[in-house]
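Shared between the two complexes below is chain A, which pairs with chain B and chain C, respectively.
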Partner chain A sequence: MDAKFFKLLLLGGAVRFYFVRTPLASLISDRVEFATPLNSQKRMKEGIYLLDQGIDPYSGDLVHESPLVLKALSGLFLNFPQWLPLIYILLDLLTGALLYNLSVRFVKQKLQKQRLERKNYAKDTEQLQYNDDDNYDIPELVLIAYLFNPLTVLSCIGLTSTVLSNLFLALFLYFLTKGLLLPCIVLLAFETVRSLYPIVLMAPLLLVFARRSLIGGVMLSLLFAIACVIIAAASYLVLHSWSFLDGTLGFIFYFRDLQPNIGLFWYFFTEMFEHFRTMFLITFQLNATVLYLVPLSLKLRKEPLLLATVLVALMAVFRAYPSLGDVGFYLALLPLWKRCWKYMAHGFVVFTFFMVTLSMMGALWHLWIYAGSANANFYFGATLAFSTGQIFLITDLLFAHVKREFCLYNGQKIMIDGEEARILLK
Partner chain B sequence: MSWTHLWCVGALLLATAVAQTTPKDEHFHEELVVRPLSGDHVNTYFQFTTRWHYGQKENLYHTQLTPRVIAELLQQFDVKELHIGLTQGLWRYETWGYPIVEATSGAEMWAWFKATNLTDQQVDKQWAQLANVFSGVLCASLNFVDNTNSIAPKHLLRPQFMPANRENFVRYASLPREIVCTENLTPWKKLLPCGSASGFASLLNSGYVHNTKYHSLGLKVRTLCQDHDEDNCILEMTQTANLVYDLRLLEQSGNDFSLRRLFGMGLNGYCELASSSKIYVQRNELGARYQLVPPPPAEETTTRGGYTVVYGVYDMQEQFQDQGERLFNIAWLAPKGELRRNRQKPAPPPIYAHRYLLGQGQERGRIVTEVTNSHYAPLPILVQELIPWYVHAYLHTLNIRRRPLGRNEYGSETLPFKLLHYAPGKQRELPTHLEIGFLLPGQSSALITIDVDYLVLKWLEYPPDANHGHYINAALVASALPMGTNYSALPLEGHLFAHSFNATRPSYVLGLHTEALIVSLPTPDFSMPYNVICLACTVVALAFGPIHSVATKLIVVVRQTSAPRNFLKKLKEKLFSRGSPVLPTAGEADVPEGAGCLPPEEQDANENDNDEEEEKEREKEDGEDKECAH
Partner chain C sequence: MGLLSDPSISTQNKLVDNLAKHVRKVCCGLYILGVVWLGCLALPEFNHGTYLSENALSPGLVYPEIRLDANRLAIQLLEELQRERKEHKSTTPHAWIAAKLNEFGLETHTHNYTLRYPFGGGKEYHGKNIYGILRAPRIASTEGIVFTAPYRAPSSVHPDISPSVPLLLAFADFARRKNYWAKDLIFLITEQEQLGMQAWLEAYHDGDRVLNVSKAYLLPGNLPARAGSLQAALNIEVQDLEIDYVDVKIEGLNGKLPNLDMFNLVQRIMAREGITSGYKQTARKKRRSNPSLFEKNLRQMLAMLATQSSGVPNGNHGLFHRYRIDALTIAAAKRQTHATLKGNAGSAAVPLLKAIEGIARSLNNLLERFHQSFFFYVIVNNDRYISIGDYMPALVALVACAFFKAYLTWSTLDSEVQQAAAAAVKPAETQTGSASGSGSGVETETDIDTELEDGLPYGSVLVYLTAVLLIGYLGNVLPLQQYFLEIPMGAAPLTTSVLSFLTLIGFILPFVVVLPAGGLELLHVGFLLIFGCSLIIIGLLNFALGFFVAVITVPVVIALDTSEQNCSGSMRNLTRFITLLLNPMVVVYVIVLAMSFYQYPELKLDKLLLRAATAAMDASAYGLIDNVIYGNWLYFVVSTVFLPLWILCWTLSLSKRRDIADYSDYEEPQPRKPQPEPQAKFKTN
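Take a look at the complex of A and B:
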């Protein structure tokens, strides 16, 4: 917590505050890349308005926000709409601050662990080890990556509820590094009831808190289930109806709204043959949740935070209604793995992918929807390429981690018969 | 001889029995109203009314004038009142005034259901079946009416049968895309007692009817029962045809027109089963300048709510008393030397409505309904919107702005809702149903706007010619007028057009329809399903492959090959060294050592056994191994 941290926070706030007052804000809040059926501000407003009018917001097809969030924000939306951007900016800054604190703690833990294991490391691997400078560099990088990433800035000024999701996720990760069980479980249960996919983050939670004991794992899972039930019951008390379950979780699982977004679902299920729909729906939802959960948990069980990062990233790629705000969040976590960067081979490729596809998306959307001179395939192509870029990034991070671990113990230069050897997965 | 005689007597008895029941219990009336409208238009309105005092429900099995299908309907379903309209064209309220019966472009249908212990689900089911029945009866696409495009209006529609109380269920649907043509007219005429053979219906020839600017076929059925007496009921069926001719489109030189010009032939008599067959010709206002040949035998002046209309009345049954005359024609002769065009514009009716769509692109828009009150006093207005499910409406964006007549821009002055009923829509299940009531001050317009999003549908949900666009139903606007200006609808308790004469009431319930809208939803590429499925699955596989390798594969060290850098040589190497691994020596070099040198991570990952004790042992071994590593 030095002066630089506050300066960065202030600057981040200033950037957001500047843009929120430009016409860009209303443009972004309508863009499909940022505002999905789940997180758009317009739908949130509609939900709060319907709730205020005494109409069940989930009897229709517009509102998919959790009733607790609707209720919590209704006073703000109805009475002080002019303060709304400011509140969202503050929440987003809070997310940044949490990520900063989380990284400080993370680097400290890493250094501590390194000190214990140092004797096992190979000799020329100082470059791969965390050092004292990282105490300052990494949190700062994380903070900068969150506060000044255009994706998070735009997501914030578009007043999407991704700001809230990011805040909750950051809180969860913060408590995870801090080792506070109860807040972790409550936050995770809340996010799960709200948007289904965060359930995968149970894996890092179990790795951190259950400490390989089966009974502990079962107990924690039970506790999590109870927390979910309590949160659902609280939502029921707010609404006096269970319709919200279908309106939030059911809506996500069955993928009812085919509005284009940056994910893989929309065009796939637009063009899907009806009798295969159920099968592919289940396949895609499995892909977004449990498919990578077990192998990655086994592989990364020493690195719960890396596991969480990768799961959050995979979630942002494969979830039913992803938005660029989700992408911005996991990008901010990448500097934590600064010591893997040496082995990340596709950095330039991924960067180019991101730049090209993100700028193409706007253009192709305009050509399709407004100019009428392109069709849906063009936009689909851009989103597909964007997903590919993200997947490259994630797999690159995983490979880099594996290589770093190997080299940390075996040295950066492995010689076979006097020649430099290559590292492969076989 | 005696046998023939007996048979004759039997037939005579039967005939008298029928003759006794027919005039007593069941009546059929035909009416034709001709009203010249402004702008060289002529409105002809046919009304065929069958009224049957059938008494008990069991009597419905024996139909005479009423078509059997209608009688069966009342036995099958708990329907008490039914309206169906099939319309092509748009009624121009501002220049033509109000029509005698209201209809919206396309097909429109609503029905009231009433029975003891009737539930909403039963009504839904009956409603869909009812629509299917009339789909067959009228050869219209009413079979597309189901719960995904029907609503249960709360305030706007009022039942026209007695007794009306809370236990009524109503369903309303409209199909703006429906095109009305000959195939609807022919079955519609078949419902008449005389068919199209004789009577006024013989004038309705499809070649002429469908050349009109506006034509609307209507069918209204209602049952009127004595209070709490289900055994004393009247079945009333009204068939209407409302046509607007554009004289400029008729092949003629002057302003004159005649029945023969309008319908292609003169009237060949009247329907013998009809109790009355009358033609009403408006004589005042725009009709005043015409000279009628032959002149009407009678004239009737009606004053209703301060609005006077003079009708010339031709009674066809009198006209055709002499057997000689076979074809009857009425000619409207305009005075010579008058201007060709009739540019006289009437004062606008007290209330009229329009609607349009704002915004561009296939993403979102704004539906605007504009209601104008040209009366001096404030009038209550009810607006009912049925927004189909493929358009999302945002209630929080609904507002009503007001502008005084004579000003061009709408200011920020808003009107408060007096009443709001909203049922949000659900994709593929329910349309959005909105009813708002407000008080519209005199001499002003109200602009009702609501923001909408256009949805992307599944590729098989688009109709043929997907780029034609999708329709948004017309809004219904209702009000209660304090005066009868331009108002010619039938009073609630009347069943003949003649009953609207001198029917002064405290207020006149007015219903209007706005235009229907067409929106173009974003369309996918319909030729792409396989490509899209393949491409999306490929991207999923792109993630699955590497993550699978990372999670399952062993990290190994291989010798840096002296492989050629050149691409062609690389390829050559690959091609010719198939089968034998490229790096056999490397494999030898690292496998025995390398396995031991793996960091603990790798060892564990390959270890299938997760037993804790073994794990500990393993780690111990690892530690020993590591010491031997490089």
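Take a look at the complex of A and C:
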């Protein structure tokens, strides 16, 4: 917490405040890359209005926001709509601040752990170890990566509810590093009831709070289930109907809205024969949730935060209605693994991929929707390439982590028979 | 192990290191591959024969019913119109046209529009279009087809195409008697060339929109009647009722094309009626030279790309594309030689009328908008085309050079910078920061230390990039600012002076702001990425423009080299010189010069240069006006993308470094040499 932190926050706020007043804001809130059926501000407005009028918001197929959020924001939306952008900006800055604090704590923990294990490390690995400078550098990089990433800035000025999701996720991760169990579980249960996929973050939670104790794990899972039920019950009390379950979780699971987005679902489910739908639905949802969960949890059992980062990233790639705001969030977590960067070979390729595909999305969307000369295949090509780029990034991070762990104990230069050694995954 | 899980522990990749030594060779190879690929597409083996995808069109399924009486009507109307034209020297005989449309029993309306010309203090122009709607007998007015003819007053500088109006009216009279129309037919007569068309289209689609009157330049007004969603449009420009051949024009706004099915449809029906018709059709020449098929195809292809690249529509049809309406122009040329006259004059227009009827009936069959066939194609011959999948690789190969070089530059960056930084520490410390102080203000003394620690000065490069992009953005915004508009100056000198001023800033910028160590290399990578990315996007939106720009600029981009070793080589100086020549303004000037040389070969050189200069100034002003009125992107792209890219390229080709102490006395005179040239040009401008 120094002057620079506040300066950066102020600057980040100023950037958002400037852009939210330009015509760009309304443009972004209509772009499919940022506003999905889940997080669009227009739908939220509609939901709040319907709720206020005493109409079930989920009886139509427009609103998919959790009733608790609708109720909580209704006062703001109905009475002070002109302050709305400012509130969103403040929430986004809060997310940034949380990420900053979380990374301060994370680096401290890392340094402590390193002090204990230092004697096992190989000699020439200072470059791979966290050092005292990282106490300042890494949190600052995280903050910059969150506040000045165009993706998060645009997502914020588009007033998408991804701002809220990011805030809750940041809070969850913050409490996770702080070791506060109850807030963690409540936040996770809330996010799970709201948007299904965060359920996978139970894995890092269990790794942090119930390491090596089966009973503890079962207890925590039970507690989580109870929290979910309580939150669902609270939503029921707000709405007096259970329709919200189908309106939010059901809507996500059954993938009812085929509106194009940056994800992989829409094109596939547009093209598919109807009687295969159930099977592929399950396959896709498994892919987005549990498929990578077990192997990653086993591999990264010592690094719950890395597990959380990777799971959040995979979620952003494979979820049913992803938006670029989600992508921006996990990109901000990458500086935490600064000491792995040395082994990340594809950083440049991924950056180029992101840059080209994101700008192509705009052009191809124009050609498809407005000019009518291109078609869905062109746009899907760009989004597919974008997802591929993200997968490159995640795999690269994982592999870099494995290499770093290995080199930390075995030295950076290993020669076998005068040739450089190679690591094989077997 | 594969691409994702590279098993090597070492971060140094041998393959990359080896490739980095041959980066120019590989890039040259890619460049040649791209250009040769496009050339190869002219070979019959590489392109495909056209075919009709949309079955609903069924061209030529019905017998044409239009007869000699329609021709007689056309001739009679033409005579009447000629009489009217004697009275209306510089205006349109609205009353006569409206009376005729009414007489045929069409629902006739007039459409008024206003142009508020912003430059030189501001002027207002008024215009009037006339249109008649034939309501479809078979369906409610949900869909429509437009038949349009531009009217040119006798005082117009363009060739006389007044017979298009009688032809259109004769067809309208014929169509009104038929009961099979399933779409409303709109017969539209516009004036003031494309302006009238644009106003009508805007009024048709956005007429009810509330405009901010103080900011809008074209006030289209509203239409009293509409005919549903427009499916297709046919623009008719006929020079005479006795025609020699028909030239089918397809290039629209920003290089957009109508669906290939529409072109094929017109070609089929023209062929059936025995009219010589084709894309870029010209009068048959004497058999002096007989070029090979390849050469002919290549010429045709390049001619099409050249027309597309400016993004200016070559007929009124081009404006329809903006509203997702497929449209093309059939431009019929006057018969030159009367010796080969076949039929008598009394039935001369019948084939053309039959063709229009055939096209109308085919369009009438459409069940949905054109969507089956290609929208992205290049026509190599009247019946052969290249699809996007075949021509795009040419552009991709060219652009790949930039990305490839960027990757290799990046991966060799760390080692280079470390060496450079080690060498630069001493001079950087001794220098008193004279360069940095006058710069952007962000690079202060303290930054140098931290930058050397971090390796690369991301911050200052980012600031530099932003500043350069801002210059380009200003080029787009400044000429339309109120205080500039109020200056009593024509559009051409105003635009040119703003652009020259910005170019001059860009020219001086690298002399004033010198990036810290490693900054040039980083800027190089950033430049290559932005260059590649923008060319891909431009190529997607307008392939021709993207491709031509790539062909011209990629060699320089390959030749750019920021390393210190060969700082003063002749190669470096050549690169600088060519970079100066590639300045967007110089390129525009050279293109205009070449065009005026072909148009007026008899002029002397000094007169030619002067004429080209004024023409280039006009061209930039027209670009701006096209941008604000029609939505042509060319001006925007040139000022907001190409100008910043040029400034970056110029910075890189200069490669000014802060850390070379003896730089000033050794290198300074060299880059100054080409300086007078562009300035002299600005003065003549």
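By our rule, the second predicted complex is superposed on the first by the 426 of 426 C-alpha atoms of A that agree within 3 Å, B and C clash if a C-alpha of one lies under 4 Å from a C-alpha of the other, contacts with A are read in each partner's own complex, and residues count from 1 in each chain.
By our rule, a residue touches a chain if its C-beta (ideal position, glycine included) is under 8 Å from a C-beta of that chain, and two chains touch if they have at least 3 such contacts.
In this text, all values refer to a predicted model and were calculated from it rather than measured experimentally.
Touch criterion met: A:Thr395 reaches chain B and chain C at once.
Put simply, more of the residues of chain A are touched by B, taking chain B and chain C as the two choices.
When the two structures are aligned on the shared chain, A:Asp61 is found in touch with chain B, with no touch to chain C. Of the two partner chains placed around the shared chain by superposition, chain C is the only one that A:Lys342 touches, whereas chain B remains out of contact. When the two complexes are overlaid on their common chain A, residue A:Leu408 makes contact with chain B while staying clear of chain C.
Within the superposed three-chain model, A:Ile230 lies out of touch with both chain B and chain C [touch as defined at top].
Looking at the shared chain after the overlay, A:Glu274 reaches chain B, while chain C stays out of its contact range. Once chain A of one complex is fitted onto chain A of the other, the partner contacts of A:Leu84 are absent, as it touches neither chain B nor chain C. Of the two partner chains placed around the shared chain by superposition, neither chain B nor chain C is touched by A:Leu245. Once the two complexes are laid over each other on the shared chain, residue contacts for A:Ala210 go to neither chain B nor chain C. Judged by the document's definition of touching, chain A residues 370, 372, 392, 395, 399, 403, 406, 414, 420-425 lie at the interface with chain B and also at the interface with chain C.
Residue ranges of chain A in contact with chain B, taken from their complex: 30, 42, 45-46, 48-50, 53, 55, 57, 59-62, 120, 122, 212, 256-260, 264, 266-274, 280, 284, 287, 291-292, 295-296, 298-299, 302, 314, 317-318, 368-370, 372, 375-377, 380, 384, 387-388, 391-392, 394-395, 398-399, 402-403, 405-406, 408-411, 414, 416-417, 419-426. Contacts from chain C toward chain A in the complex involve residues 1, 4-11, 13, 256-257, 321-322, 324, 369, 371, 375-376, 403, 406-407, 410-411, 529, 532-533, 536-537, 540-541.
Against chain A, the residues of chain B that register as touching in their complex are 360-364, 389, 392, 394-396, 420, 422-427, 430, 432, 453, 455-460, 522-525, 528-529, 532-533, 535-536, 539-540, 542-544, 546-560, 586, 589-590, 597-599, 601-602, 605, 612, 623, 626, 629-630. Contact residues on chain A toward chain C in their complex (touch as defined above): 342-343, 345-346, 348-349, 352, 355-356, 359-360, 362-364, 366-367, 370-374, 392, 395-396, 399, 403, 406-407, 412-414, 420-425.
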